[in-house]
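Two complexes come next, and they have one chain in common, chain A, joined by chain B in the first and chain C in the second.
Coming up: the complex of A and B.
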């Protein structure tokens, strides 16, 4: 189990997801149908791309909240640059989005590493900087005039079922590539292990001779790359570019990634956990929708689920039980 | 001061046969000479002790040998007879020079195997990780050390002694020729220390030279064949450990003579301060009975895990006994919290002062008054800075803490002085009973003597003191009575002077 990266958190999430699927399958006629499940995946794919990127930064011991607005900036820059190239195509679009995203991520790394500033402070600043620049220069105007290749749905797998037409789009394919690439980076390359080591014990990492600067650029650059790609995919999904479309999404992604077992202190977290965390949140939203619950209640319920899940994750339970049994122990005045 | 004996430097081994031979090593940081014309020599397979007080330049010397620092001009550095000037960390590693730092520098979230074989993950060019090969490599090293560990277990699930083994294994993954161990036994129990010393001897038998840096003089004399002493950045000498005594070594390290004498005081008439009867708390300790009189120092010894710290915590109100009685000055003292205990006159100086006893980034003054903030409240219901500063000045003078300014952070002080600040913090509460849990862990010899001088003064002034330590000489020469705990019970009670120290050592460590 451990070898496959299935730890306590992941096992727990799988159980919850299965239980919830079973309940929703009974309560609604539509949840456990292929069209609905495929839609769920299509809709979560962008968040998963963001999530695996963010995981790399969390594992390296940092945090970033600027990545979603960075993705919006990338959308605008990519759309404008594509205009200069006369429209371009998927390959050019992905390359441009990737480059712009990586550059924005490296900007974060530059401030964090060169000036030894705490990553949350830097990214709060760049979050405001990116968003302010975007709103100022775009004037808050959306772009609807996108190249045809970007607004045309690309179906990679489609099938007819009793419940209707079910299809997976190119976003899921891109998501799969991002997930596999990040998994390879983190689990299978020596560089990825150095990232883990740095998040785990920064001083220890320095002593064994890990290049701390390079690791910062790699982690934040990788998140930038993923954010750039996710931005392009979101533009494709929405078929338009709205400057504040992703604003506020960073905290949802962060919560889902932490729900998946990533530790804010660094050194701990798995790709599977990210995937499960995001799917769980998306599924809850989807289920509530199908159950006819008011959308106004969504945030409240999802917030509560995240709280409960994080409290009940293996260590949380132990601590809770422990403090019930021995309330007065080891509390210093 | 005593007249130092002629050190037996160099004569026993010509430079040609030495593994590492250093001469005229000087290192200057700003205007401060950290090392001044130091020499150092070790042979293949030798276990050498590097001894000296905190801040004497030991760490600087280790950093020079591992290539972190470069010595000033005029130094001679020979490795197997060849000059190794301009050494840097990576060339040092190529020569097989490895340092096991006191904090180990391991990765808690990674498996044992990956920690041991982490070197194969290093390098700037990305490579695929071969977990199977790592495991095989780790397995082989552990076999060489004669240790079994679960290779897939995460390091953070291992006790500190096993982490130490992992750190050693990691140092040996390359072709190690010279291994530095910085305070490897500081947080180990006696049994674990013994196991570690077995490993050290094994390395030595394989021809690997080991430099042992330790404050525990007994084990130094036991495992090392020679000891190199440094004092205030200067080379004092290299001496064979045969015929060396702890007292002598202490004198060499500090340049001072210490008067070790057994306490002989008659306290039978003094009133009883603390009385403990049949105290139990499953599974930590059971059926504990003893008394401490006014002005008495009672030593409590036993191995790590014998229940001594748990007993102390119960006396301090931090855990509740399940049975038995505690009386303080004739009144029943079953504290619900340590706040009650402090109010009743109990003070507890914890074992882990760096983490539990002090707020490191705060100032010396703030740390000193931390436990008595309520007493400092002036007529305006705010903390009176005048009262605070008077109190702080009094204690600092009293305990002779060497500080720059009371508003400096505690983290800027040396280990011994930090321990004094912890003492000051608790003494400010005017305790009747003072519990000292391993007060000299990580404190060098000279500073230890200073701490015990304070303890004796407090006892003379009428404080009842419970001194917990697993170093027998420490309790033997400082306590009026020694209690020996094992597996949660008191299994022996000795009076120093009536029982020989060796007999107690044997009883405790057997």
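Coming up: the complex of A and C.
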């Protein structure tokens, strides 16, 4: 298991997800159908793009809560710039969203690194700054008039099944590219190892000669890049740009990423964990709707499931089980 | 030396604070209106109405829009208005009960309180409605029954499970349908997603999956009809599943012409904004509101307790949506 990169946290999450899938598969006739699973993936894709970006910052020992409002700012800037270019296309849209996102991320890194300010303080400030600027300059006005290429649904894979039409959209493809790129960065480059090292022990990393400044710009810039792309994808499926559409989503993403095993103190976290954490939360919501559970109980159940999953996957449970076993071992010895 | 600077700084801050306080007087009352959430078209239109009427009557009227539909943010905004010593506070509550204590404090400070979209609100001087909850809900119920021929399953969205008015509409619509179309059934309970387009869309997708015989969505909340209509479009169910609810015409007109958003009824938020200012000015000047008083925007009113309720419904459909959208709604 460990050779596949599946750690303790991920193993427990997989078990919880499989148990829930089995239960939902028995209790509803619709959960384990291709259309539903594809919809689940389509609906989670944007959060996963945000999640892998946030993971890089968490691994590097930082935290960022400004990324969703940064994505909203990117949506506006991209839409306005595309207007100047007479509409543009997917390539231009992605490049612009990526550039704007990276710049906003680097702004965070600038304050955090140059002035040695704790990252949560900086990003709380930029969170308010970004949102305030957005509301001030947009006047709270939404943009409905987007280029046709952006609002037309792009289906990359569609099939007819007994349970109805199942399709995967371009958002899932973009998500896959983002996930693979982040995996390559973290697991296949020495830069990735340096990010882990900095998160685990910043002073040690500095003494062995890791360029701490560059690592800051890389981590926050990467999250900005992912946030910009995720923002464009959200605008794509919502088919409109609303200034507060993403406001408040950062905490959901953060909770799901931490649920997936990323440590808030830095140095630990995996892509698989992010994926599983976000899918678990999305699956719970989806399952509750399919089961016809009263919406009055939704938040209670989602909270309880997060609590169960995080308790099972914590080191505490392993230690508890270990301590149960140890006396027996001693007796045999 | 530092002390001198500090004192000068304190003095100038104090002076700024003094001049910053809105200067209220009986002739030129100051009216602050706290809405559910800023930055969405509905309340942008309301703000336009507030500003327009304020300029017309020569009073200082402004809108405060919290960043999310959170009752706690509204409490804070009202506390700010009390501190500013405005004459009239207008509120479109996210949660009627949460606001009761802070509104009580406002009235204790001599401030008049006017609410909208919250009949039965405690600690308010007046509440005005451009549609009675009963009439509005029944109009939707009737339209859905007629369109479906009295048969099929339907689902109901509300802005949040604690928005009193949305729930009153849903109650009235459900009661009408139950009484007049026994062949129709409500699936699930009501879903509190309709102020968020993403959540409305994904909940609609889930419900369509869970209930293959679903024939209609009633979505009370400005983003609900949009999200549900997008879900219907994605699943190519246009014409087979009807989506009804109040929405901003500019946001929904494309969906209406595509045939996925059936339509609904609304009232004009710009008129609501104007009424806040007109009524606020009358109340601040101590004018009595009696049976038969003619208030511009509301017409002739017949107060029931402190409620001023009229039925000024605007029909939303393929023919009317473009004109309404041109008004910036």
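By our rule, the second predicted complex is superposed on the first by the 312 of 333 C-alpha atoms of A that agree within 3 Å, B and C clash if a C-alpha of one lies under 4 Å from a C-alpha of the other, contacts with A are read in each partner's own complex, and residues count from 1 in each chain.
By our rule, a contact is a pair of C-beta atoms (placed from the backbone, for glycine too) under 8 Å apart; a residue touches a chain by one contact, two chains touch by 3 or more.
These figures come from a predicted structure and were not determined experimentally.
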Which of chain B and chain C A:36 touches, first, second, both or neither: second
Chain B versus chain C as contact partner of A:268, first or second or both or neither: first
Touching partner for A:140 - first (chain B), second (chain C), both, neither: second
First, second, both or neither for A:207, with chain B first and chain C second: first
Touched partner set for A:196, first chain B, second chain C, both or neither: first
Contacts of A:188 with chain B and chain C, given as first, second, both or neither: first
A:176 touches, of chain B and chain C: first, second, both or neither? neither
Touching residues on chain B, where the partner in the complex is chain A: 89-90, 101, 103-110, 114, 118-124, 126-129, 152, 313, 318-320, 336-339, 342, 356, 371
Complex contact set, residues of chain A against chain B: 2-3, 187-194, 196-197, 200-201, 203-205, 207-211, 214, 267-268, 326, 328-333
Interfacial residue positions of chain A with respect to chain C in the complex: 28, 30, 33, 35-36, 39, 43, 131, 135, 138-142, 144, 153, 164-165, 234, 237-240, 242-245, 247-248, 285-286, 289-292, 294-296
In the complex, chain C residues that touch chain A: 37-41, 43-44, 65, 67-68, 161, 187-193, 197-198, 201-203, 205-207, 209-210, 230, 234-236, 250-251, 254
